[in-house]
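Starting off with a structure, shown below.
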Amino acid sequence: MTRLHGIVPYLVSPIDPETGAVRTDVLTRLVTDLVAAGVHGVSPLGTTGETPYLTAAQRAAIVETTVVAAGGRVPVVPGVVATATADAVEQALRYQEAGAAALVVIRQPGLPTSEAGIEAFYLAVADAVEIPLVLYTNPGATGVDIPFEVIRRLAAHPQINYLKDASGVTGRVLDAIVSVGDDLQVFSASAHIPAVVLRLGGVGWMAGPACAIPRASVALYDLAVAGEWDAAFELQRVLWPINQLFQRYGIAACVKAAVTLRGYDVGPPLAPQTPLSPAATAEIAAALAAIDERVAP
Amino acid sequence: MTRLHGIVPYLVSPIDPETGAVRTDVLTRLVTDLVAAGVHGVSPLGTTGETPYLTAAQRAAIVETTVVAAGGRVPVVPGVVATATADAVEQALRYQEAGAAALVVIRQPGLPTSEAGIEAFYLAVADAVEIPLVLYTNPGATGVDIPFEVIRRLAAHPQINYLKDASGVTGRVLDAIVSVGDDLQVFSASAHIPAVVLRLGGVGWMAGPACAIPRASVALYDLAVAGEWDAAFELQRVLWPINQLFQRYGIAACVKAAVTLRGYDVGPPLAPQTPLSPAATAEIAAALAAIDERVAP
Amino acid sequence: MTRLHGIVPYLVSPIDPETGAVRTDVLTRLVTDLVAAGVHGVSPLGTTGETPYLTAAQRAAIVETTVVAAGGRVPVVPGVVATATADAVEQALRYQEAGAAALVVIRQPGLPTSEAGIEAFYLAVADAVEIPLVLYTNPGATGVDIPFEVIRRLAAHPQINYLKDASGVTGRVLDAIVSVGDDLQVFSASAHIPAVVLRLGGVGWMAGPACAIPRASVALYDLAVAGEWDAAFELQRVLWPINQLFQRYGIAACVKAAVTLRGYDVGPPLAPQTPLSPAATAEIAAALAAIDERVAP
Amino acid sequence: MTRLHGIVPYLVSPIDPETGAVRTDVLTRLVTDLVAAGVHGVSPLGTTGETPYLTAAQRAAIVETTVVAAGGRVPVVPGVVATATADAVEQALRYQEAGAAALVVIRQPGLPTSEAGIEAFYLAVADAVEIPLVLYTNPGATGVDIPFEVIRRLAAHPQINYLKDASGVTGRVLDAIVSVGDDLQVFSASAHIPAVVLRLGGVGWMAGPACAIPRASVALYDLAVAGEWDAAFELQRVLWPINQLFQRYGIAACVKAAVTLRGYDVGPPLAPQTPLSPAATAEIAAALAAIDERVAP
């Protein structure tokens, strides 16, 4: 079983705005290029992938295309984005069947649920599949959280091996590492500072921006693994402005704009989202250029 | 074109917890009995209907069953529950085709969206169908709101005729009545006090509790229409404890418990929700009994 | 012991922006004119009074001036605005000594506090004085709330007789009336709709706007007391736009602007608040003029 | 002018719960011992000091006692805790007069304020004094924040030299360091991970827990200054559980419990706060013991 680690870009979902068709050729080229740039995995159907906006058919097409494009060279880790337990289990089985190496379980908020219900949701998915799961928490932006005592109990399940916290509150990451670090390995989100999470014992960075700056992201990870922390933190400061922009303008719209600037015709963010303004797009172009000067794209 | 008004119960979604099948016989009996009790419409696929937990196939089966059971005697007003504009339009067309008399448009929160994007979402649905729309706002529980200036502009569309605000902040209802009352007619939610909204000029009550107390709900509406306000407010005080319980224990779990107590085998709330405790169920039974003493069920 | 009821304006605090001195002459004239207009009490040191911005000396001067100006013709009901229990008790004793007829207890948020601590806070004040208390809740704007079970227990204290809820969620008012209506009488805030709260059994309206529209406010109350509800609700719709403006632009800045327009030189809102824009002031002037057409000021 | 840096404990406020008198002897001994333990400054009247619960007289006594006890060996950095601009300026002048070396400006939330008003608040304090200011932001717990553009402009003032962000969102710290790091030096709060903030370029840790673990806190800082990061992060993991407890049980109650365990009779948290339970106190005792094993107290 592959151990997940390193740079795992959350993929954008290239969709034709008129027909709703997945642009499989664009997605294939993006995944192929990311693998060539050295990323350690790819994650379709996350928040960056605008998954709540996608139909079941679009989701299936995206996973299948990604698995074929990755060609077994890196693990494919799709997001299971669901409100109902039954839907989560069904998605998990479908993506495992399609070749996913692991799954990020992104529970969607719904009606009020007891702690027992939350725990049962994750256990149902874990029991249904044979591949590892990444727990996902994001109390701020999406209101989805898992009480810490539940995380502690879920960590004992052999299939539940990773945690991706998108709160931006780095103390939560250290809580997990100190308390359940033997059972769960932690990934940084873009809301955190990847070099910091790696320094604290995290194993990688799952994030949308790596779609647009894969080589610089890999360089950061390599410095961390080599223990060259002064260089890692210096590079982190160079990369940080792109995180700032993505926080300010919204992750999916920003990554789509950045990837479009990189030459992939992924289309606009899905309606009712609206595309970035020209001014915001120019800010992103400038931030990318500053990073490119440091690490050739 | 029917003018929506009066008591419009939000229907629960009777689902077999093992198979996921819609219990069409239970739903048919519930709708038939509600119509016999005098309700003025029925609304499947709202929050009470646990719609975010339902697959597209389950939603379609519920609308079709409801339309057949209503048999043209009262309007069927399904909820369009969607994050993406394209999905909302598709649902709207499907439910119109299935015989819906109107639609409640319940936009789901997603990634950050501009005011223009929000407005375009509703206009896309309104332009796609020929039946009236009910706008839905619920800034507290679900985080879905529409800026007031957007409501004002949407109200000018010939298809956008009603507003259902579930905030519980009654001043918002009066804002709408004072500002756009000529274009939009207002329904009370259970978070509001129906007698109050009717007194202020509202046209009815769309709400889950009416599944369990349809005759008492119709009695309240009839008193309001007759201008017998002292009696209406006195009855409101008798009915209010059921709203209090539904606020405390969660709307879908409560209405399913209450409707089960009334003899309809609608099943438990959909996982990961968990059923009410026996103590909470007993509180609901007591509240129903107190209402039954006043208005025979 | 006076029973509080009717229109009780929350007074603005006229302060010289250069010296910090209370403009006692302006405050005296305002109180005198309000009493002449028929209000049933006056309440200095509430939210409208910008109390958290005032020193202990300013607060004392305001209560003393108000008591003298009221001259025993109407009760003076100052706000006790405090974070610490000891400070609340001290203020309560000082204002009772100065001639207050009752007190509004406006606990300020501080560090996290247990339910027992919250209950003890109110009991300490109630036990210290011999005049009645008004409980104040405002979960939205100021984050100060009292758990409902605590309200229920506090209501049993002989000195705790009134509740002023500023949430805008009218169901909370009905909760109180249905559950503890025998022990606590309820006042409407401006966030609620006064005619609605009176219709549900409330006893009056404690609010900043009545500083600027006292005669119209008293007219509304008189219609309600006379049971002329159609006329009361019609007048309410005429008055409502002033509430809308006050919600939009902030209560203290708005009431100071409105009272200044009425000819009282109360000064700007206290820094770091900033005065209303000329455009917002013009909106308020227009709303006042529309009300004046209906009820002569 | 002293450059603030290193470990600056937020002091608890030892108050006799019966009389309200400041226990100046306890405070003197605490400050003396902290200085002997090597701390680089002391900060009375912060959140840990329960400042919103204190009268002006209590605040003055605490600053004076602290200045005398510090005896010029380390800078005293009191908190200016105020809602009104005038009050903030008055406190700032009073504490400067009493011997403060710098001030932490902790604006308290009040009525809605424009961005210009917020900026003017800080400038008024900065213009009034001749000692440096620390800006304080805490959007979560206290709802006090400063828009980033305002921070950027304030940073240009010669007196505004430091930023203490208590959000726990470490990306905010990096935002400041990357954007205004030449003008503002950054301190870690306990909600952050001090070793992380130091690694990113922060200059110290202002925090309540250092009252109870001063030598361990200084050891962490010394390792960071020496560039011994592996050892610093290892020690950070040993210290982290005390931060977890303080987050869980509330900062002031926890620090008072911890300092009491250390032998200083600082009294209970100020009412309406309630003391920690025996179980929580035992958890704190265990966490202190675990740290003591590593760094002798």
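Labels for the chains are A, B, C and D, by order of writing; each one numbers its residues from 1.
By our rule, contacts are C-beta pairs under 8 Å (C-beta built on N, C-alpha and C of every residue); 3 or more make two chains touch, one makes a residue touch a chain.
What you are looking at is a predicted structure, and each value in this text was computed from that prediction instead of being measured.
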Per the centroid of Cα atoms for each chain, what is the distance between chain A and chain C, given in Å?
-> 51
Counting in whole Å, what is the centre-to-centre distance of chain A and chain B, each centre being its mean C-alpha position?
-> 36
Which residues of chain B are in contact with two or more other chains?
-> none
How is the touch graph of the chains shaped: line, ring, star, complete or other?
-> ring
Considering every pair of chains, which are in touch?
-> A-B, A-D, B-C, C-D
The chain B residues in contact with chain A across the complex are 20, 47, 50, 52-56, 83-87, 107-108, 110-114, 116-118, 120-121, 124, 143, 250-253, 269-274
In the complex of these two chains, what residues of chain D are touching chain A?
-> 167-171, 174-175, 177-178, 191-193, 196, 199-200, 229, 233, 236-237, 240-241, 243-244, 247
